[in-house]
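Shared between the two complexes below is subunit A, which pairs with subunit B and subunit C, respectively.
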Partner chain A sequence: MAVFEARRAGGTFTTLLLILAKDLRVEWRTREIVTSMGLPALLLVIVLGAGHADAASAPTAMWVTYAFSAALGFARTFALERGGLSALRLAPVDGAAVVLAKTASNWLTLLIVQLVSLPVFGALFTEQIWTRVGALALPLLLGGLALAVVGTLLGALIMQTRLREVLLPLLMLPVMLPALIAAVGATTAILDGQPVRAVSAQLQLLLAFDILFAATSLLLFDVIVEE
Partner chain B sequence: MRLLLISAGLLMIVGMTWALALAPDEAIQGFPQRIMYVHVPSVLMTYLALGLCFVGSALFLWRGDRRWDRLAHVCGELGVLFVTMTLATGTIWGRPVWGTWWTWDARLTTTLMLWFIYVGYLVVRAWAPGTRGARAAAVIGVIGILDLPLIHWSAILLRTLHPQPTVFRPEGPALPASMLAPLGVNVAAFLAIFLVLLFLRLRQERTLDRLVTMVEGA
Partner chain C sequence: MAVLGANGSGKSTLLRIAATLLAPTHGDVRIFGAAGGVPGVRGRLGFVSHESLLYEHLTVYENLIFFSGLYGGNGRGGHRRGGEAIAGEIVSAALLGRRVRLLSRGQRQVADLARALVHDPDLLILDEPFTGLDLDAAAGLEQLLRAQASRGRTLLFATHDVREAQALADDAVVLHQGHLAEPVPVDALDETRLAAQFREARG
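After this line comes the complex of A and B, so read on.
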């Protein structure tokens, strides 16, 4: 069984990869999360693009879309674990690996949403999004990671709560604000034509945010994973 | 407790009289500047309440003792109370002095987000009762505090409309003594009120817990 192999292989990292592979395999077969995140994201892009749509409004539109997709989607990822993580809890796996794997799978799902929506943003808002996509990669990745880390942490916490789909945006977005401000600032500057070097302050803030909340997730993983 | 109540009342009366009537007028802003004597203590009490909420949350997560959870809960409530007062007094102060009720200045925005985070804390406590909810709320209480340094840091880093810190600076306060003194008295008054509310609510929660245990045990 895969789980016992993890124990023999001795490792948080191996466990992480196994759980991640399992999540991605399930997602590949059901396409549930990508749909529940991707469709609202696409709708949001189009609705926002129907209004005032130019290079100035693009960064805000992008990050509002990503933040709301994350808030909608991440509430699902823990709900999908049949029996509320009990299988994972019973398995002799490191809790930290579970948290990291969940965060990674959430991050990858969000990345897919970001990639799929980029052409649409480019078409509706400004083609700069396509031409500057290389420079945009860093804010997109770091900002997406911030959303994934905070979303996984809070999503796991409220797994058993009533009305969790409503609660997750309410809890996530205030905490995310510094990261979103930094991400929007970086995206604005890059779309304006500035080099990545010029947004180093925002990227540093994003990185600090990511590290801080990843560390918090790891420190509190037993609270997250346990009953 | 009675002593605390009386001193809170006295300090408030002295502090408010001094602030509103006796303290000197500020040269540029005039009379509205006196809101500072309510605004600054509110901010300080917010930090105190949310700091205690953090301590209570962290210790509850570590130890599991219900007393820490009660402290965190009560301080979360007081935190929301004082953040609301901070935002309200700040807004009212801003209108005559800055000409606007609100601005997306870094400090204002992050304080508003702090309000949302701790309202979220209270919502989780309401919607997820029991130990599971208490632990979830405790994690939020811990995360919320990680936002606090960002508030102070952002006020300094980004260009802001909000006044640069004039009291808690490395170089020492920039306020004249004639204003520092009433400010100090008002901070003490607010602190006394904070403690009164804290002990009252803690006693309530303790009694509620005991009642629940008795009813469930019966």
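After this line comes the complex of A and C, so read on.
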């Protein structure tokens, strides 16, 4: 039995927007995810910055911060649904719209954390973050998307478990390793002053990673949320 | 139609299968003559669970608009009209603007009923809808359900209370030790015999 029914053509995008708007409204009121991501991120930046903080250590510090805050926050993605997921499954909606909306919502939340923490990284580690912010956008967006896609998929997988806040980092970080290495490599090169074309291999790897896991999410989501 | 059975007899499981939320381990389910997974079937079902399926941090109005959008939002305000129609009909204006987490059990149940009706379903499935309600709230809900039935909507609900079944249903089926008996008119139900059967099932 299909968990989510296929809707008429053109309905998926509308459903995606409806769920995304609902998720952002709930998040705006509860601030559950952004708090569980933002506060640890800020503390981590300060602790890492208290040591040997320079341009060389900035990329690693940035991606350790983003990965840990994503792993902490994304565990709440489906917890916020509570009974709502059953009601979503009852509606004749496309499962793809649900998974895409959840991924977009997580990506946006992580983007907020990235945007807020960038000035702190700039102040504590290297002023290159200010001057190279345009070029940095690419690895930050693609790496952030990788975290959101994998975090949403694994978050759905463990939503019924009691220890999901502990389980998500354990599952997510090993899966994310290739993408994190590529993101750190690209960020390092850009902060070293290299042009964007010099990191095209890392960016392509991040893009391929995003597409692979997005496709996996779309294929598996129905099976994962089945009761 | 009422589904009667002792606690733990499988009433909720049966209703979740009928609502297409659970797949049967064997056998198949046919709803309106079609298999449960056939596109279109869910659009004709409304389901009120034992626990609320609403978003606690949204208002009742926001929940109704959201869910009616899922059932046919066309981006031109059609879903908004559907949500507003059912909201005005079932839920009082005072309740519409309140967040779900601030509602009493009875108010939640009414809001959940409105959610299940936003798409004008032909079949309304309710899992123990009166559990936890005080007398006033139960009477109010019963009145709302009667109004739905009088419009030709079919109601299928689970209960362990014969009087609830007799108040609302025409027919009843009894679920006992995993077996579903043939439907009987509710007036033919023997309360004393059923109570003994339920006690036996509970051990």
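Note that in this section the second predicted complex is superposed on the first by the 216 of 227 C-alpha atoms of A that agree within 3 Å, B and C clash if a C-alpha of one lies under 4 Å from a C-alpha of the other, contacts with A are read in each partner's own complex, and residues count from 1 in each chain.
In this text, a contact is a pair of C-beta atoms (placed from the backbone, for glycine too) under 8 Å apart; a residue touches a chain by one contact, two chains touch by 3 or more.
None of the values given here were measured: they were computed from a predicted structure.
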Which holds for A:Val26: it touches subunit B only (first), subunit C only (second), both, or neither? second
Of the partners subunit B and subunit C, which touch A:Leu212 in the superposed model: first, second, both, neither? first
Looking at A:Thr14 after the superposition, I want to know if it touches subunit B, subunit C, both of them or none. Which is it: first, second, both, neither? second
First (subunit B), second (subunit C), both or neither: which does A:Leu177 touch? first
Just to be sure I read the superposition right, which of the two partners does A:Ala55 touch: subunit B = first, subunit C = second, or both, or neither? neither
So, A:Val93: does it touch subunit B (first), subunit C (second), both, or neither? second
Overlap of the subunit B and subunit C footprints on subunit A, residue-wise? 227
Residue numbers on subunit C that touch subunit A, as the complex places them: 16, 19-23, 36-37, 39-43, 45, 47, 49, 51-58, 62, 66-67, 69-71, 73-75, 115, 119
Listed in rising order, the residues of subunit B that touch subunit A in the complex are 61, 109-110, 113-114, 116-117, 120, 123-124, 127-128, 132-133, 135-136, 138-140, 142-144, 146-147, 150, 154
Quick check on the complex: what are the subunit A residues that touch subunit B? 153-154, 157-158, 160-163, 167, 170-171, 173-175, 177-178, 181, 212-213, 216, 220, 223-224, 227
Where on subunit A does subunit C make contact in their complex? 1-2, 5-6, 11, 14-15, 18, 22, 25-26, 29-30, 82-84, 86-93, 226-227
